[in-house]
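Each remark here refers to the structure printed beneath this line.
In this document, chain identifiers A, B, C and D correspond to the written order of the chains, with residue numbering beginning at 1 in each.
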Amino acid sequence: MIVILKPNVAHEKREQLIEWLKAQSLGVHISDGAFQTVLGLIGDTSKVDLDLLASLDIVESVKRVSDPFKCCNRKFHPEDTIVSVGEAKTGGGYFSLIAGPCSVESEEQIVSIAKAVKAGGATMLRGGAFKPRTSPYDFQGLKAEGLELLKIARQETGLPIVTEIMNINHIPLFEDVDVIQVGARNMQNFDLLKELGKLNKPILLKRGLANTLKELLMSAEYIMASGNEQIILCERGIRTFETYTRNTLDLSAVPMLHELTHLPVVVDPSHATGSARLVPPMALAAAAGGADGIMIEVHNDPMHALCDGAQALTPEQFAALAEKVHRVREVLAV
Amino acid sequence: MIVILKPNVAHEKREQLIEWLKAQSLGVHISDGAFQTVLGLIGDTSKVDLDLLASLDIVESVKRVSDPFKCCNRKFHPEDTIVSVGEAKTGGGYFSLIAGPCSVESEEQIVSIAKAVKAGGATMLRGGAFKPRTSPYDFQGLKAEGLELLKIARQETGLPIVTEIMNINHIPLFEDVDVIQVGARNMQNFDLLKELGKLNKPILLKRGLANTLKELLMSAEYIMASGNEQIILCERGIRTFETYTRNTLDLSAVPMLHELTHLPVVVDPSHATGSARLVPPMALAAAAGGADGIMIEVHNDPMHALCDGAQALTPEQFAALAEKVHRVREVLAV
Amino acid sequence: MIVILKPNVAHEKREQLIEWLKAQSLGVHISDGAFQTVLGLIGDTSKVDLDLLASLDIVESVKRVSDPFKCCNRKFHPEDTIVSVGEAKTGGGYFSLIAGPCSVESEEQIVSIAKAVKAGGATMLRGGAFKPRTSPYDFQGLKAEGLELLKIARQETGLPIVTEIMNINHIPLFEDVDVIQVGARNMQNFDLLKELGKLNKPILLKRGLANTLKELLMSAEYIMASGNEQIILCERGIRTFETYTRNTLDLSAVPMLHELTHLPVVVDPSHATGSARLVPPMALAAAAGGADGIMIEVHNDPMHALCDGAQALTPEQFAALAEKVHRVREVLAV
Amino acid sequence: MIVILKPNVAHEKREQLIEWLKAQSLGVHISDGAFQTVLGLIGDTSKVDLDLLASLDIVESVKRVSDPFKCCNRKFHPEDTIVSVGEAKTGGGYFSLIAGPCSVESEEQIVSIAKAVKAGGATMLRGGAFKPRTSPYDFQGLKAEGLELLKIARQETGLPIVTEIMNINHIPLFEDVDVIQVGARNMQNFDLLKELGKLNKPILLKRGLANTLKELLMSAEYIMASGNEQIILCERGIRTFETYTRNTLDLSAVPMLHELTHLPVVVDPSHATGSARLVPPMALAAAAGGADGIMIEVHNDPMHALCDGAQALTPEQFAALAEKVHRVREVLAV
């Protein structure tokens, strides 16, 4: 940790600070520049309160040299983590195609879509049972019943199921779910993360709309620090000033995360763009950018079919996209 | 609700859409422009799925005419809501000075700060017992013990206490807390909001770092729709590209929220700016901009005192600021 | 144009507004909802001042139905525009590989890089002669001399040259430049855009760091309204809260712009990410997402070579990337 | 300047880097931590290319210790700069009230508004002659004629005039203008800034919509490095995800800039909020936050008057606001 002092700091105050730092079992390396002094702190700085230090009136700024995340840090764990759910593997060269409807609506709906996406190449089935909605007046999902319908769809197709948890008390309900998804709004629901860390089950952790990659990794760290190392990170768009697209898909996050962490990274272009027309190009871009999987909304709703263009892809569009995604990945493999 | 169709939509598709809308008990008012057609939907459009409509391939865009929030909407409730906690009132001309340390650390600490901020003019005591921390390795608060210490400080000073909840299962622990704070990271923890809506206790709801004012109001709506109308909104800075300040305090939110809602609005300049030097000017600005209260971090930590400048104000700085805040409010009252 | 009135507007004020609108030769279509009234304006609304209307106290909001851009609008010009510079074509199925150093430094440097990128597959040569720098103390480019060196490199390789203009008075200096680049900081330098609109020469228009796609199109409109229709749009990253990457490359802009406009769209991953390690995955992602070209920084600087990893690619890395880009494009073409 | 090396860097590469740094006349102070090495560079680091260093593959990150701005840095010039235009002074305890219409429309309009705002307490007259408009089809201002009308208004009232320049070639036209405004879109039009630096005339420099405070100071530095030290900085809102207000007024910029620079800082709440209803609270907030002046749009347009509520204030609203602003400033002065 580097502490940059302000210019012309009184000698006495500087010595007081150095004493205080040493009293916390830190080595202090003093480097006097032409204009300002820099202190290098040596030892276990993970307990040092960076904000407190930065707030002192003789301190100009503080910079951590080492990353604050450990368990998910590629520096300490160079090999890719592969998250396995039955035969569906993600990371380390394995690619996931996670597809399904936004919400589970009925047995007929989820089973027919599950069969369709399996035929189209999906390796996992997604579908929302508990739905986070901005408005209390919007449909909140079929809840526990939705989970049961997902299990029926799994039984019919063999596809592992991925679905979102919103409440720490629902963990027992998710016992037979294959991959538990933590949505963007819960990325920093730390108590939930800690509990999920006690499970022996893969977690798909979505990046919050205004969260940095460092914060995403710190949230993964909450899960891993509690013991669960099966985490799939998911980029799903961040909030910017642009309004033509619902969010801004940050695809650079994929190679950047691969550099920082050994955990696999998948991309959800459906939620990021909010428009079915943008999903195929962004899914292909995600694959070309090195993602370890993509998550795609697929529907078979008559109203959508009627109008030929919905937020979700049709099963036919999904199958055509999946085919191209694999061909793009073949180019990378060379 | 206004639905703008794309140009040159096939007649048949347009009729299908109109039929479908009418089947949902909506009146449809058709306005053919020189170039594009606009449909005005009449009736209860609160159930209409805007995203679904917008995703149809013959639809260019959809715009709600009426606000999606009802309970907190000033249109339907023109008088200011006043939230009362004993003698401390917020809103409708009443101003709150909420002060205290970031975290409760010990009985001595919280009691002495409570006495100091009361002497300085505070009307409520703040202090964190459960602390949301980005890193699992950082201090997570004294938890239940911290709540007990806050109650002791209340007993010693008579100041009502405001403290943050992070977990839906902790609600029973907060039974004797005066105002329950929902932090920025939990603003869209919808299940928590629903449960808080069942209490008969004021909620201080902080705006998320990347949440719009509309989303903040929709979260208040979650609480109110469950029956609890005692809500204080809190602006605490949003996330932008600027890095000199920790967040960007959005003070325009104060008059804008006053226009949209009858709920009181307080401002937290300590968390927004992250620097004690910026707190007094921003607290005065908040008061001048019409806020119904301010929330200020105050400490009595020797290390900070030593260096004369911390993230939090000293009790003396707080008292001087409180005095000026009241004088600024007198100017507004004329 | 749709004007949504506030609820409970006085009849008299509403009539005054309608009269005023009609006096501007607009038809006014009145739609009374259960709660609010919506006015549909028919006729040439391009002259109507949306901000003025929106500011009236009886108006809640105003929404344009038709796009404010015309010349570059795909609705009125469905076929892709192909921008040709000698044999280098961009758009309509043609793909550009624009490569070269950040700055022109010497004849030897630019000629050797030009030869290297040509061998690697580049179709145009980029290189900065006038450099926009945040600091007045940073190197500002070789200026006019740099332009001459670019022409020598063109003569040696046959590659058309692309270079940035920063000053309206420099237009005569750029007479013999093949493609004039307008940088992100000048995207809304409207007087410069108007003058470039009078030339018969392709313009590469970069999106500003905080500009929406609509604003980018309006800036293209400035050039086209003055008569020049040879415009290549360029996505080069926008400013967000994320700090691991220099900017956030908004790849959804590519398919979104293709939907809105007939102009070709290229992507600059070098400036967007600020890191050579992220350039190849993002260049491949851009190609997979449907971009009409990519712009890549390539260097042959010994200091960089020494350390094996610079902001720019080596000629060898560029050649390997170009090969993969073409193979990704073959997948799309199927 | 601090250079943080990656862990486990090969000794040879590290030595090459150190040699290269020393060859640039820099002292290199090596600090080996438990895990990583930090190099402290001593000497004139202003010429060091931070981006180049950061891009090297053995470098993890680079941090400047000293600010990149010098002329405008309060560290080297602790006393407030006071910018004087006749009797109108800004900074160092002097407060400016700059008021007038968005655009100059006619002699009658500008003279009558000038008289009204003078009566209401304005110390300078603002009004646009050259208007930067997103659309080429919008009104672009009266241009040179508008400048002449402003001079007539000055003659009638004695108020100094402030108006925006958009084109480096227009500088001669602005010879008799009192304060030249550089708009948000031209904040990084570096060639324009350099030319304005050669004048002996105050410059009002607006912050760009997506520019950091550091970039604003670097743009001031461009002007000052060319010799002109009469600069007034202006905060006018930044671009964020919030859409209820046109931009987000960043009032923390005021005390933050006061800490960083000796230049005066004024605030423009009219452009920032885009709504007359929000202007008075934000103008009062700016004054309470320590601004050295405010810039307010005032109109006398009959259409606006008719409807009682426009984007600009009426002269009566301005006079009432000015009175309160002064009373808020009295509170600060105590």
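By our rule, a residue touches a chain if its C-beta (ideal position, glycine included) is under 8 Å from a C-beta of that chain, and two chains touch if they have at least 3 such contacts.
Computed from a predicted model, the values in this text were never measured in an experiment.
Taking the mean of C-alpha positions as each chain's centre, the chain lying farthest from the centre of subunit D is A.
Here the CA centre of subunit A is 30 Å from the CA centre of subunit C.
Taking each chain's centre as the mean of its C-alpha atoms, subunit A lies 26 Å from subunit B. Per-chain Cα centroids separate subunit A from subunit D by 38 Å.
Of all residues in subunit C, those touching 2 or more other chains are 210, 239-241, 243, listed in ascending order. Chain contacts here are complete: no pair of chains fails to touch. Within the complex formed with subunit B, the subunit C residues making contact are 2, 4, 7, 29, 31, 33-36, 38, 40, 42-43, 60-61, 63, 65-66, 75, 239-241, 243. Across the interface of their complex, subunit D is touched by residues 13, 16-17, 20, 46-47, 49, 51-52, 55-58, 68-69, 132-138, 166-169, 185-186, 188-191, 194, 208-210, 215, 218, 221-222, 225-226, 239, 274-276, 303-304, 306-311 of subunit C. Interface residues of subunit B facing subunit D in the complex, by the touch rule stated above, are 210, 212-214, 238, 240-245, 248-256, 259-260, 272-273, 277-278, 281-282, 284-290, 324, 327-328, 331-332, 334.
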